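Take a look at the structures below.
One chain, subunit A, links the two complexes that follow: it is found with subunit B in the first and with subunit C in the second.
The block that comes next holds the complex of A and B.
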């Protein structure tokens, strides 16, 4: 799983914000707000990674139970795929 | 023709004469020196806007597209469009924001009615410029259907988000609360450089400008509530008789 190219991620007013640019901005209007975990995973999936790798990375970065991490990563990945944000 | 808008020299290449008349108060005396940016409207842009706007004249539709194209290029020049009404009192600017129908024009109308020496810089679509000392708000030819505003600028001292409520109250917003509210009131460009510049400018705006949530009705007390909190002055001492 890997995010499409064409998103800009920045911290605005202390909140992580993702905005599509170029071609992507024509099909997806608006912006995405990410919490801290979401911003971490967003950056992680800029490179090709599996769900399992995402879970391991999340557990390495945050004090979170593996079951919870897996549920979070699956939900995150499913949301990205449902919106067509992945390659 | 070349116009002086928001401290920039802007070349506008319009087909319809509507825009020349619309922008005439901003026409530059210097029509030869280099410009900061130039805009025109492509056939595709015009068609797309015409489809949305329906009944409006070609000149009006082109005019809307021209401002949008200006505003998508200005983030790299340290400026952004803000959907807000900006008033000036005592040399300081205050922006009022809210979705259409939340009472922006009603509340700013109350300021004009009850507070002396208030003027509207731009009633709908001011351009903000980031400077070393905070943001400046500029009047532009585009100032909403009521056409309220002037060719002037003012240092922006507060952002006031409006919500209708039976009782008047006001509180400061923290940056994360401002971020969510502000993004619905700005224009996001498409090209990466201008998007990045926009996000950086919005961040600076949030971090450098006090922001408030005003929950208000349409009474005089609503004006007192926003005026005193944002200016720090006593309303009773300054209000019109």
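The block that comes next holds the complex of A and C.
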């Protein structure tokens, strides 16, 4: 799974916000607010990775139980796919 | 972890989030903001805007981001950095004000001294730039006339 090209993360007032640029901004009108782990996963999925790799990366970066990390990554990936943010 | 507000209008996002972050569209604020490349951060207007502020307002259904030249009673005289016509915008049409932006990915605060110098310079050189734009238009017109004199359009009859 990989994120579509055309999104950029901007840190504004300590918050991570994803906005579209270029061609994508013609079809996507809005902004996506991410928390810290959301921003981490967003950057991670800028490259092609599986859910399992996302879980391993999240566990490596944060002090989180693997079960919780898997649930979070799956939810995150499902939201990305449901909103058409993936390639 | 993630919240998206794709279906909301900018004014709704400003009210809910207290901030709108989005791409720039159009050429009216060139060279500062390039179409669909740069990102602007808008905050709701909390006080009367002042000279050099960049206001977000609505013109019909379109959102416009242009610079305040000076405040007037009940509104502002506003113009885009790359425009040559002033606009009288009523106070109630103003949705927010630009507080920071990302130009070519570089973060710029609207309180930054370098940025303020740029904005001042843009206003100061307006007459000079307008003169050259008009001159360019006239030269283009003359060239077109000369071209038509030597290469007239062929009649289809």
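Quick note on the criterion: the second predicted complex is superposed on the first by the 87 of 87 C-alpha atoms of A that agree within 3 Å, B and C clash if a C-alpha of one lies under 4 Å from a C-alpha of the other, contacts with A are read in each partner's own complex, and residues count from 1 in each chain.
Here is the rule we use: a residue touches a chain if its C-beta (ideal position, glycine included) is under 8 Å from a C-beta of that chain, and two chains touch if they have at least 3 such contacts.
All of these numbers come straight from a predicted model, not from anything done at the bench.
Look at A:86: by the touch rule set out above, it reaches neither subunit B nor subunit C. Which of subunit B and subunit C touches more residues of subunit A: that partner is C. Touch criterion met: A:76 reaches subunit C, while subunit B stays clear of it. In the superposition on chain A, A:68 contacts neither subunit B nor subunit C.
Look at A:50: by the touch rule set out above, it reaches neither subunit B nor subunit C. After overlaying the two complexes on the shared chain, residue contacts for A:33 are found with subunit B and with subunit C alike.
Of the two partner chains placed by superposition, only subunit B is touched by A:14; subunit C is not. On subunit A, the patch touched by subunit B and the patch touched by subunit C overlap at residues 8, 10, 12-13, 17, 19, 21-22, 25-26, 30-31, 33.
Interface of subunit C with subunit A (complex): residues 1-8, 13, 17, 19-23, 25, 36-37, 39, 41, 100, 102, 105. On subunit A, the positions that touch subunit B within their shared complex are 8, 10-15, 17, 19, 21-22, 25-26, 30-31, 33.
Within the complex formed with subunit C, the residues of subunit A that make contact are 8, 10, 12-13, 17, 19-23, 25-26, 28-35, 37-38, 41-42, 72, 75-76, 79-80, 83.
Of all residues in subunit B, only 175-176, 178-180, 182-183, 188, 190-192, 195-196, 199-200, 202-203, 206-207 touch subunit A in the complex they form.
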